[in-house]
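Letters A, B, C and D mark the chains in the order given here, with residues in each chain numbered from 1 onward.
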Amino acid sequence: MSLNTFGHLFRVTTWGESHGPALGATVDGCPPGVPVDAAAIQHWLDRRKPGQSRFTTQRREPDEVEILSGVFEGQTTGTPIQLMIRNTDQRSRDYGDIAQAFRPGHADITYWQKYGIRDPRGGGRSSARETAARVAAGGVARAALGMLAPGVRITGYMVQMGPHAIDRDRFDRAEIETNPFWVPDAQAAAGWAVYLDDLRKSGNSVGAVVEVVAEGVPAGLGAPVYGKLDTDLAAAMMSINAVKGVEIGEGMAAAALTGTENADEIFMGGDGQPVFGSNHAGGILGGISTGQDIVVRFAVKPTSSILTPRRTITKSGAETEIVTKGRHDPCVGIRAVPVGEAMMACVLLDHLLLHRGQVGGAGGRIG
Amino acid sequence: MSLNTFGHLFRVTTWGESHGPALGATVDGCPPGVPVDAAAIQHWLDRRKPGQSRFTTQRREPDEVEILSGVFEGQTTGTPIQLMIRNTDQRSRDYGDIAQAFRPGHADITYWQKYGIRDPRGGGRSSARETAARVAAGGVARAALGMLAPGVRITGYMVQMGPHAIDRDRFDRAEIETNPFWVPDAQAAAGWAVYLDDLRKSGNSVGAVVEVVAEGVPAGLGAPVYGKLDTDLAAAMMSINAVKGVEIGEGMAAAALTGTENADEIFMGGDGQPVFGSNHAGGILGGISTGQDIVVRFAVKPTSSILTPRRTITKSGAETEIVTKGRHDPCVGIRAVPVGEAMMACVLLDHLLLHRGQVGGAGGRIG
Amino acid sequence: MSLNTFGHLFRVTTWGESHGPALGATVDGCPPGVPVDAAAIQHWLDRRKPGQSRFTTQRREPDEVEILSGVFEGQTTGTPIQLMIRNTDQRSRDYGDIAQAFRPGHADITYWQKYGIRDPRGGGRSSARETAARVAAGGVARAALGMLAPGVRITGYMVQMGPHAIDRDRFDRAEIETNPFWVPDAQAAAGWAVYLDDLRKSGNSVGAVVEVVAEGVPAGLGAPVYGKLDTDLAAAMMSINAVKGVEIGEGMAAAALTGTENADEIFMGGDGQPVFGSNHAGGILGGISTGQDIVVRFAVKPTSSILTPRRTITKSGAETEIVTKGRHDPCVGIRAVPVGEAMMACVLLDHLLLHRGQVGGAGGRIG
Amino acid sequence: MSLNTFGHLFRVTTWGESHGPALGATVDGCPPGVPVDAAAIQHWLDRRKPGQSRFTTQRREPDEVEILSGVFEGQTTGTPIQLMIRNTDQRSRDYGDIAQAFRPGHADITYWQKYGIRDPRGGGRSSARETAARVAAGGVARAALGMLAPGVRITGYMVQMGPHAIDRDRFDRAEIETNPFWVPDAQAAAGWAVYLDDLRKSGNSVGAVVEVVAEGVPAGLGAPVYGKLDTDLAAAMMSINAVKGVEIGEGMAAAALTGTENADEIFMGGDGQPVFGSNHAGGILGGISTGQDIVVRFAVKPTSSILTPRRTITKSGAETEIVTKGRHDPCVGIRAVPVGEAMMACVLLDHLLLHRGQVGGAGGRIG
């Protein structure tokens, strides 16, 4: 993790601002021979694309990815892969009002305090648009995982919007792709639609919790003690715009458990592999994957660009009120779902390569 | 963040196992001219040391730090600082019973699955003893902060033990140093003592939530978008043994807020600096410090070494029951408090140096 | 230095292949507020551009740089700068003959052995075209040096072509820009033109030695012991295509000196700064700049793409002869001059930022 | 390569000063299961140890290595290996005369200019004693190579002392271990002894060229374009104290060759592997190993600590003369031989792990 790059061996550098000519991801360290083309990456970008329902920003970006390097005749070559997305819908005039005043809860003020240079055209580098580049890179990671660890399956979904959490008893994976919230609970989806419509119309916004699960991850991934799998997942998720909390397995709730309750008991499975009686650990012990499902959750705060007037100051130090017009997401957590999936894919591939490099095939057998 | 090293410019590599000859931290990138000696570091180590109350492991380690390099006549020289702590109380026989079976909830099994080599003497590298090295490194970071940003004040404390959270209305910083739990609530301290005594006697353990606050942090620290201050804090805290969740400011609760509620309104202070009406952001916007208090919380799961029998398997694949004798912490979260403080100190110093290097004094003025 | 990225704080990742859609550099860590525009970078690219004399490849690439991010209204913002150069003259058919056989002395065979994937269109990633991206990044570094260390002046020139070295007694800096070889010796320039014409017509190629000097570099840059200024310069220069040797100051000739001869004696200058009686050290002692001129030389081997038949093998293991047609540089060392300058600029800026971050203004005074 | 750490996956951080309590190496990323013990590492340290002949410093350091972590029952565990060497012969009084004045050609002055703190006890961090830690780390790397690439054989030797080069026609590897110079030419050894005795008695010193060859290195190691095998070797060698030039294969002499001469022709060997007609490339093409011998040379400048008076200045700015008494190496290049071997071992292991991680077994076949 270093400034605009993340990953140890599979290294992704994202670049670009919301209203510049383009943005993208420079992906270094992808193994050779991975089948990748623009269409495969576009598939994932389309999931994140704005304007797909009335619940996301009405900004319309085709978000078409162009592969500029690193792929030859549909296969990665082992050299850096440059993924570029042109910005096309750059109505900067929408932002004229906020060029001088800082939006409360937004990075406007900290970028100014840090750099002394402020690009008033939208959020610049701090815009959620940056995450399109992550999703593109995640598409490459998924393709590589498909080749190297074909059993891995990554699924993201929302489990809470505002105060409304899903009912785990109604959890139905088949629902995820059928509603605009990627929520695995049909009843929640219906209720959330009403709730968010109200919020949207009132010019307000709301937070959310996203859960990302990776099934089929081999045991042994993760490198103690600062390159732990959960350490890297926490960093990856916390680096997403607006994220304020990250949990693995039981997460914050682990604090309330006793050792007796928390211990995931171990048994032998029919295939000579260990089987766990529960998964409080979220698939990670000591920073290393156990072979169980990897379970990560993160909380996304509400968008700070809202229509309700808020008190703020200008660059010249005057106190004022601000209202952020423009086309914003009432619940930016919705579009964070494919971003969380992408980060999971990148981190898993990175640790798969690290493990292969540092340990080879020398893991311990049981039995 | 890379395997056993963390930090960008202030780089800390910890090394050593719980029952080997020694453990320590190799600290690279500390500025020259910082007043440091063994006594200053020992001060922080003594806070973390086991055996200080009946609520922490009775293992008695003097944890005396020796500075082997990088300091000359009481000042850092700019070269690597080697901090070594000899292990002296290594009753390995305590662990004889667990040499073959894996403790549920413990890294025993994942280290075996990854490396195929298992040091049966305690937790080896995954032991909480590794955190002594972090605290030592944190002592160096604190000394450097004292020179470069003397207004910074870092305070850690427990806010929850098991199901029992503190009452924020009773929050009293003066209480923190007066009880064995570093809890800023005298009434909670009394109740927790009774609760933990019961648990301890029953051979059980429990989780906790620790909060670490840094006051006086200058605005502008943090580097978008993967070297964000909150990204690095999340990684730093998640890398601590047994941590399962990390929160900044509102944390997971941010999901339940609306944009109107979450926006920290901005006003002008008397000194020409911005003043915020609230701190839902936990002092960080867009990954960059705002000048408000930095607020981080993390959840520590209960120790997996407990006396209650749990089902497990052995290396040879046999199912069995395990009871972990030895001298363990009933609530390892207690000793995580100074560790969290140390990680905060390291991350803040690192970002102070990064900011100085990359941006210099060129931040933007308000007014 | 890591795979396709170099630099510690000023980090340059180059990407792209000779015959793909585009190539470029992702530049992370440039300070904010540096005046940069496409024209400023184009200035340096034009120096390196092929087809400027009969002594460089006749491939015609306009090499026009496009700035896709990180610059707003002519100033860097502190965020990643994406520099893209479209490939326009991609006559891949020229390379048809070499799609199966490996060129002796070329990376064809090693890329195949490593990756099992071979892009037969020119050198792919190993092509000297990659260095255009370095020159573009160097343009950014020069602009930043211009702001932060305006006294630094970087000059590259050839000092040897094939067996013909310049005569140091005729050294005339004013000559450098007047001949196609960037050689500071008019008589050498004349002789080399005749020599290289003969070689070129015979379809042969030849090596060269390039020297790069940086004047006005402040004392104190460089970080012991693996981030030394000379270590990073050696890596930077050795990473340029076809470079086989790197020297600092006396270089390999230092082996023949005695300690008495080699010691650069030190005196006090009129301005209270140390003055050295000689510069065998090339401006670097213990990996740290002395304030003298930094002097680096590197040897470039002859291009392996030649018209003289050479024995080789094909991918299917058949022995054969190969002749490389196409438009190649008879002395690729010529175009390495601006590349060496660019690497010097990047390394100096990087160490200036590192020094500022880690040491601040705390260097020692003399007197 | 970053400050006091080198390597990508096999990461070595050296620490310690010549006259502090101890020095050592923190080795992170060594694969598990490598047979290592203190005796194996001591073997290599003893080769480098001072005081073995009248041609090296008479300072007597037992240089006994202690393994503090990362090895359990004679095998590496995959966790950081701490190698510590206590300093025992620290006659700091020898250096009293040089506490105020700077030795010409020495890092005294640059450390002062950079850090403003100067440890007057010998060279501090810039002392050649730091290389003992490299040799210890190299011992671990050799053991790991022995397990993972048992065909690799690394041999270092001197090929030039002062103006006296060996005669390649007399090259006899069996001679290397029979003389105090590790020179593969018996006649040279005899002549050098006389030459160096004279120099030593006159209080002077002299430079040298060391060559290190690695046989049996698999094809495919090295990562374009900034993690090239030759890039990393150049950095590794240039980081050794007193090194001023590094060459791969033909090195600086490549400049004088034509393309026809330089092209190493390729044939098919009896075993279906390519065979090269020559090795001008030094075993590396495009930064990737060819399977031929890797050949690296580096020039070591003469020790700056000499008895001949040299003009210099003091910290207070006074001009003076200096004579460096104490026990110094008349030709520090001699002891650089095992250091060069160690760096070669570390770089090769690092790239073996990198290749395994990033590419796996997917290299291309010929035939």
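Rule of thumb we're sticking to: contacts are C-beta pairs under 8 Å (C-beta built on N, C-alpha and C of every residue); 3 or more make two chains touch, one makes a residue touch a chain.
Protein identities per chain, from UniProt: A, B, C, D = Chorismate synthase.
Just so it is clear, the model here is predicted, and its values are computed rather than measured.
Colleague: Go through B-D and C-D and name the pair with more C-beta contacts between its chains.
Modeller: Between B-D and C-D, the larger count of C-beta pairs in contact belongs to C-D.
Colleague: Measuring between Cα centroids, which chain is at the maximum distance from subunit D?
Modeller: Of all chains, A has its centre farthest from that of subunit D.
Colleague: Just the number, please: Cα centre separation of subunit A and subunit D in whole Å.
Modeller: 45
Colleague: What's the distance between the Cα centroids of subunit C and subunit D, rounded to whole Å?
Modeller: Computed from C-alpha means, the inter-chain centre distance equals 26 Å.
Colleague: Centre to centre, by mean C-alpha position, how many angstrom separate subunit B and subunit D?
Modeller: 39
Colleague: Could you tell me which residues belong to subunit D and also touch two or more other chains?
Modeller: 2-5, 14, 29, 32-33, 78-79, 114-117, 125, 224, 355, 359, 362
Colleague: Can you list the subunit C residues touching subunit D in their complex?
Modeller: On the subunit C side, the touching residues are 1-6, 8, 14, 102-107, 109-118, 125-126, 130, 160-163, 199, 204-209, 219-228, 230-235, 237-239, 241, 244-268, 272, 274, 277, 280-282, 284-291, 297, 299-306, 308, 310-313, 315-319, 333, 355, 359, 362-367.
Colleague: Within their complex, state which residues of subunit A touch subunit D.
Modeller: 9, 29, 31-33, 78-79, 148, 224, 353-360, 362
Colleague: Help me check something: in the complex, which residues belonging to subunit D touch subunit B?
Modeller: Where subunit D meets subunit B, its residues are 2-5, 11, 13-17, 20-24, 26, 28-29, 32-33, 66-70, 72, 75-82, 84, 114-117, 119, 124-125.
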